[in-house]
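Each structure below appears as structure tokens.
What follows is a pair of complexes built around chain A, which joins chain B in one and chain C in the other.
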Partner chain A sequence: MSSDSDIPRQDELARERLIDLAAEFYDQFAAGEVPSMQIPTRTKSNIEYDEEKGVWVYGDRHSTRSANTVGGAQKLLKAIYVIDFLQNQLEENRSSTLRELYYLSESWDLDAAQFNSQDESNGLIEDLEIVSHVKREDFHMRPEESGAKVMGPLLIREQTNRGEREIHCQDDVGQGGYQIPNNVDTVEFLDHDADFVMAVETGGMRDRLVENGFDEDYRCIVVHLGGQPARATRRLTKRLHDELDLPVTVFTDGDPWSYRIFGSISYGSIKSAHLSEYLATPQAQFIGIQPSDIVEYDLPTDPLSDSDVNALRSELEDPRFQTDYWREQIELQLDINKKAEQQALASRGLDFVTDTYLPERLEEMGIV
Partner chain B sequence: MTSYQSELGGGGDVAEELAKGQRAISIAEFFEKNKHMLGFDSGARGLVTAVKEAVDNALDATEEAGILPDIYVEIAEAGDYYRLVIEDNGPGITREQIPKVFGKLLYGSRFHAREQSRGQQGIGISAAVLYSQLTSGKPAKITSKTQGSSRAEYFELIIDTDTNEPEISVEDTTTWERPHGTRIELEMEANMRARQQLHDYVKHTAVVNPHARIEFREPSEHLKYERATDEMPAETTEIRPHPHGVELGTLIKMLGATDSYSVSGFLQSEFTRVGQKTADSVVSNFRDRHYGREMAWQPPQSHQDADIEAAITDAVNGKGKEATAAFAAAVADAVGGRDRVAHHELVAVVEEAADDVEADSGVTFGDTVRENAVDAAWREVVVGREADCYRLVDDATTSRKDDAAVEALARRVATAFANAEDARDRLTHDTLSGYVQRAAERTKERDDVSFGETARENVVETFWSVARSVPDDAPSVTETEGDRDTASELLEAMRETDILAPPTDCLAPITGGLVKAGLQKEYDADFYAAATRDAEVHGGDPFIVEAGIAYGGDLPAEGQVDVLRFANRVPLVYQRGACASTDVVKRINWRNYGLDQPGGSGMPNGPAVLMVHVASTNVPFTSESKDAIANVPAIEDEIELALREAAREMKRYLNKRRSMEKRQRKQDVIADILPRMADKLSEVTEREELHVGDSLARIMNNVLVEREVDGGHVKLVVRNFSDTNAEPDVTDIVGADPGDPEGAQVVEMDGEWFVKWSPTVSSGETAVLEYDVGDDTTFDISVEGIEDAKLTVNA
Partner chain C sequence: MSSDSDIPRQDELARERLIDLAAEFYDQFAAGEVPSMQIPTRTKSNIEYDEEKGVWVYGDRHSTRSANTVGGAQKLLKAIYVIDFLQNQLEENRSSTLRELYYLSESWDLDAAQFNSQDESNGLIEDLEIVSHVKREDFHMRPEESGAKVMGPLLIREQTNRGEREIHCQDDVGQGGYQIPNNVDTVEFLDHDADFVMAVETGGMRDRLVENGFDEDYRCIVVHLGGQPARATRRLTKRLHDELDLPVTVFTDGDPWSYRIFGSISYGSIKSAHLSEYLATPQAQFIGIQPSDIVEYDLPTDPLSDSDVNALRSELEDPRFQTDYWREQIELQLDINKKAEQQALASRGLDFVTDTYLPERLEEMGIV
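Coming up: the complex of A and B.
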């Protein structure tokens, strides 16, 4: 998968899958049937835990896109136009971003096939991923924003447009670290000197860890998530775990939105549950900030807003958070009605996080 | 200012003086000064009214004779004047009648008849004659020919306004090409400024008289309105007045004119819907009103301090002990056996007992003895009056009322009876009501307990229900006629009695089918609806309201809808704003029915024509010129119901049309998208071109007709994707002889063969229509019997 000789073959496979999909529609037409496709319902209520793989995947509920309605017919028309576009792109070995696809549809001869919003084109790409079982990266579709940055004792080889590069993620990079490419499968891990991986939510905290030399002192690969992590970041994290057998930890703010970030790394996100197997790292462990840390370290806090409370309640119902640990922490947070940022640890001094908090937590978790 | 008052003392000269100027004026003279009242207020209007009166007469005359009307109207410029000619194919008018019909105001056969007709007063056509002679000085020229006559009568005449008599200047016979009919020619000062109203009048007349053929020629246009049906309007019969519809003056007049002696006979012979039973009810009500009822009391109970037997024994003198005792016992027994007894019942009891004892004992009981006995017994009966009143009041009021209050009221009512002049306790409903009212007022004043309106009414009704009608004979017809109050009592009794609605064979509604036909004939619309209500009564005159709606098509979509108003099949063209039908149209919420209505009330907008027809033996107009229907609530309600009924049909149509349009839009979009999808799919998969007809028809639940040609073998495949049976007429026009295909009709015309099948295809099924022709022929298919939006033809 990650070796260079595979890539043209993989492109060919993706293209075949697309054409197969078109052929299905073709056959439906030829049989005088109403063309349609079935897509799993992408909601919280339709994800279920796959015991075998330890990740959350879509359940059995499907919705049908069919040409029976004007809306359905338009969606299918767009899908067919996108299929045509993608198979051409693969054939010509080009790539484009999701946003480019949205604008590109303006150039299509048929007005009815054009997208009304980027959400629509993004959603359609997800649909096609699901029905064709091909990842969008393999369609050569990139997200607009880049993947996150990595700092730590890791030597990699990346295939770039300008040839192969070998990079050491501490020695060969600046203060900002190594930039993960959109398609992580072009990266090969050559060597490493690390004991564990730590995914950090905020840029400020990553910079603090790097400045304090945490990555060197604790032989840690620090991965910056930058909010809700991009697919590439999640994929990289999973590969670090699977290929290098490193424990993965997640360090975020102490609020409901940050728990979801952990959730998407650990359990897979709802929108891309079809790719959970490929993106999720079920073994990832949550460092904090835990609600119990807020109490224990008496951190400076903000009160929970209404939307925070709603988000926490919704997490209590989220199948991914149905564990004793999470139920306890969420209920505690609802009880104390407070949240704290990672930077709140600075109230105990700039070195508190690297000298005290993280070592204590990591020891508790059995990582160091 | 001269004050006559001050001169009155001086003598009777003023009245004399005034009397010199007072004289009877003829109706014709009156008209001369009040032309506007009859619709002749201007030259423009006068022309419309004259046309209208003449055409109305023509239609009435032909209809009465059972002739399909053929009417010719011509307006031509004639020097300074306009010449108006109206011809009909009616039965004609006899020589004797012609001068009176055209030369005398208020002459006609209609005024006294209760029957639906266009004209009623006999003013119309002679008013037109009068108007023309007043403005042009020319006489009216009348030609009339009756069936079977070889020559036509010809008159030239004017009306003598002093005497209201015709003044004939020419009387002759002439030849006329029509086999029968009447022609009138008038010259009058006029103008064509009311051209629009004239056209409206003629057009609307054609709408509402689809059985008539009308030709209309005016200086700048020549229009023909053809007949849409040969069906004549139903013949109408004259009916007698309905008891609910007469007024006091009319009633007294009728009482004076009748041959009947009894009121019952009078009612049965002079009114419609009155038989023996109804007459009895009316008479009974009449007697109650005239004489009142007699209050019936419970006979003395054992615990009460009253003894009829003893009282009678005391009152009867010198009849022997035995006979007296037998008599007293018989009366006491008979009274005691009754629930209640009224004075006249007591009289009857005493009479019977006296007769019996007389027969048994041979002792004579004279009138005086009997009267004394009645008085004595009655005194005993009324001893229990107060207690009885208490029971009745208690029954009538709710249990929440204080016992003392009930007692107080009962006592006061009983006292009122006791103090009444008529010892027989005979009283009218009004008097009884007065007793209760006063008793209640007093009770409120003195005891501070109020009995509300309902409670008082209940008490009155409870008393009235136990009171007995008196056996006295109802006043005779002569007595009733002679006394205004008695006549008024009879009228009230008539109104109070429930009587069947009048028969409706005196009315001739246009009927739903012909309303639609009429609208269809004159308006090119997409949809027509009509509603005819059942007959109702207003003031004793039955009436029927009909409504019609035309929608869409060539009707202008902008601006307000047109409202066509008709009374007895006559179009009303003036005073739209004053008409009840307009008011009703404005108060209906037309948005409910799919018409645009700015502000939710008032005249609706949109491509529609509304029609309202009121047929009655007496249409109430706001004025003598008969331009607007008066705001009578009973008629307004019926107009509203009729319009709503027709509007509901329109709404259903519009809903269906909207859903069809929606379906068509969907079909248009899908029919645009599917082929593009198919093209793209062929391109991506690099396979041959796709046909999407089947998928499209399936999506639209349509009926699909497809052609397959293989050599000379033609297959028409009809697939029904809808959920109902399809029965299309499929016609294939073929350029070569198809032979004799199975199940098809073949007609050859000018080298083209029309092959027609009418298959029935159930939901989800397929029918295959096959035939053989040579190669290289042409096809042209047409499929009918299935709405376009539900049909996909691919052949």
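Coming up: the complex of A and C.
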């Protein structure tokens, strides 16, 4: 491991914020006060829609974590150990996973500072993100989850820990595409020849689009979500939109769980509402599979299960789906009592999706 | 889609085998016989250990699928439709997923040839693999599952459907590594500078090894398994062993489910015993986490669950684990009643795994 003396500015900023937090505790001690930390309440009742930004953010309610109880004091103690660990990690230009942090606490000299479960250490990292306004990735905390694979007319430069790499996401990669790193902020977009971005839920459909040359024919950057998208994937999608000014489309199965995937890309989630600004792409548009596609194209379907029906009903109440479009589609789906997968389009032939379905939808949406 | 007239030899062979199958039915009809097909019985009782090859293969028991019942006739009809589809697919140099095949059957003119479930179409493809001695991949049937990511001193050439790509799996890839394609037989090994291969179960540990430069320092090709390894991953591991004459090591969590992952790499599985020769690497060696490591390194653990205990007991009976080494380790684990994850090594510091644990184990195993 090289200990890079030329620490990037982002890292320096993250370190300063962490040290500021520690300094606050120090000042509280020095002033003879009981140390404490203010954290926004992270429940559904404290989530607000930010009209201007078009994403979900925490409201005004806060709770105070104070050292005036043994439990509170222990939490602050753990926070200080983690701050110390993180600022060392940044200084040495290293990184670690949430799971490693949990295990690593066993090596700390003070038993009271060790974590009892990974939920506890995960929660503390989220608290520090919120209080310091620094993303977990900027603390160099890596997720377990893998990020997206990208295929499309895009030239990137990635800062790896063994130097820079310039990679064209069609010409320099195999059929599997470019595997984005855990921290996508190490990736710079150098050049592109794309008209829009398409985030695709399933591997089978991603492979179909690549085999059919859809990314070439339609100048499309295909991003494989692989189910519920990782933070890195959502961040990448947002950056492609914001920095390259490209429309973002989302192509999933036609069921309530897939609509939630669309929701997490476009509006963010309760768990990470403090990061909506970094992760959510409010301008993202849903391509399908729409319930109306099931009818129009007579797709092979499965009946809705009880949990599908419940999920659809709860989406009707979800502020993120309060539009005429979504109400109509969800009510139609409850009515026909059917769901369909992306790959069900193959019932019309292997090229139907790229020759007919997507071109028609993209034209309707005004994207091509 | 380019319809390549220069069809690779492998594809030509697969097509011939399919046509041979159809010709057999034709001959049976011509001779006035009721058409039928012989298939090895695919149950645990018909699995044998092939001492010479060191892998699991089907035994001598066969069942006959004959058109003398309506059900049997329908199965043969479906087989013929699939043979027709596959040989067209090969001729046009295209590919599809198992799921697409299932949906595609809805477009067939004869209702009786359509599949009732994906289990049925998957099963038929496996039957055709067995009867024709051709791998699914050579029929150009792609899996849904993603293959491994590779990082290490290896130069490959991949035949993609948009031309050849030469990629060095350290110098030409980002931190995420080289994403192997679904059909790894499109990959040729051009050059390497490696001493051994390490297949790693979890993404967190894979990232740790890459961040710590383990692949560079130890001249190691790191293959990320991502849980239960896909067929493409097992095939890649086998080819790295056979073609480059490299020792293969497997590094997983220390629990019965992870030992099964090792088992599927080294000995194959019941479901794909007809492919053991292509997929299994009998020479693969288990690095850990061993139950004895839990004791020796005093790792953080979780207690065994009931299903863990049952899985360990069934491994004691499993012919694949009938060695002194495995009996000792499994009995020790039942005795201490504990399991540990790979990342639990972080309790000794983030570098313990690459500075101490792996070097010690590799030396014990005679690999470095």
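In this text, the second predicted complex is superposed on the first by the 340 of 368 C-alpha atoms of A that agree within 3 Å, B and C clash if a C-alpha of one lies under 4 Å from a C-alpha of the other, contacts with A are read in each partner's own complex, and residues count from 1 in each chain.
In this text, a contact is a pair of C-beta atoms (placed from the backbone, for glycine too) under 8 Å apart; a residue touches a chain by one contact, two chains touch by 3 or more.
Since the model is a prediction, treat every value here as computed from it, not as a measurement.
For chain A, the partner touching the most residues, choosing from chain B and chain C, is C.
Within the superposed three-chain model, A:Ser264 lies out of touch with both chain B and chain C [touch as defined at top].
Of the two partner chains, chain C is the only one that A:Ile167 touches; chain B does not reach it. In the superposed model, A:Leu77 makes contact with chain B only, not with chain C.
In the superposition on chain A, A:Ala23 contacts chain B only, with no contact to chain C.
Judged by the document's definition of touching, no chain A residue lies at the interface with chain B and also at the interface with chain C.
Per the touch definition, chain A reaches chain B in the complex via residues 18-19, 22-23, 25-26, 28-30, 32-35, 67-70, 73-74, 76-77, 80-81, 83-84, 87, 110, 112-113.
Of all the residues in chain B, the ones that touch chain A in their complex are 666, 669-670, 672-674, 676-678, 680-685, 687, 690-692, 694-695, 698-699. Looking at the complex, you find that chain C touches chain A at residues 1, 94-97, 99-100, 103-104, 106-107, 142, 144-147, 149, 158, 160-162, 165, 167, 170-182, 186-187, 202-204, 207-208, 210-213, 216, 226, 300, 341, 343-351.
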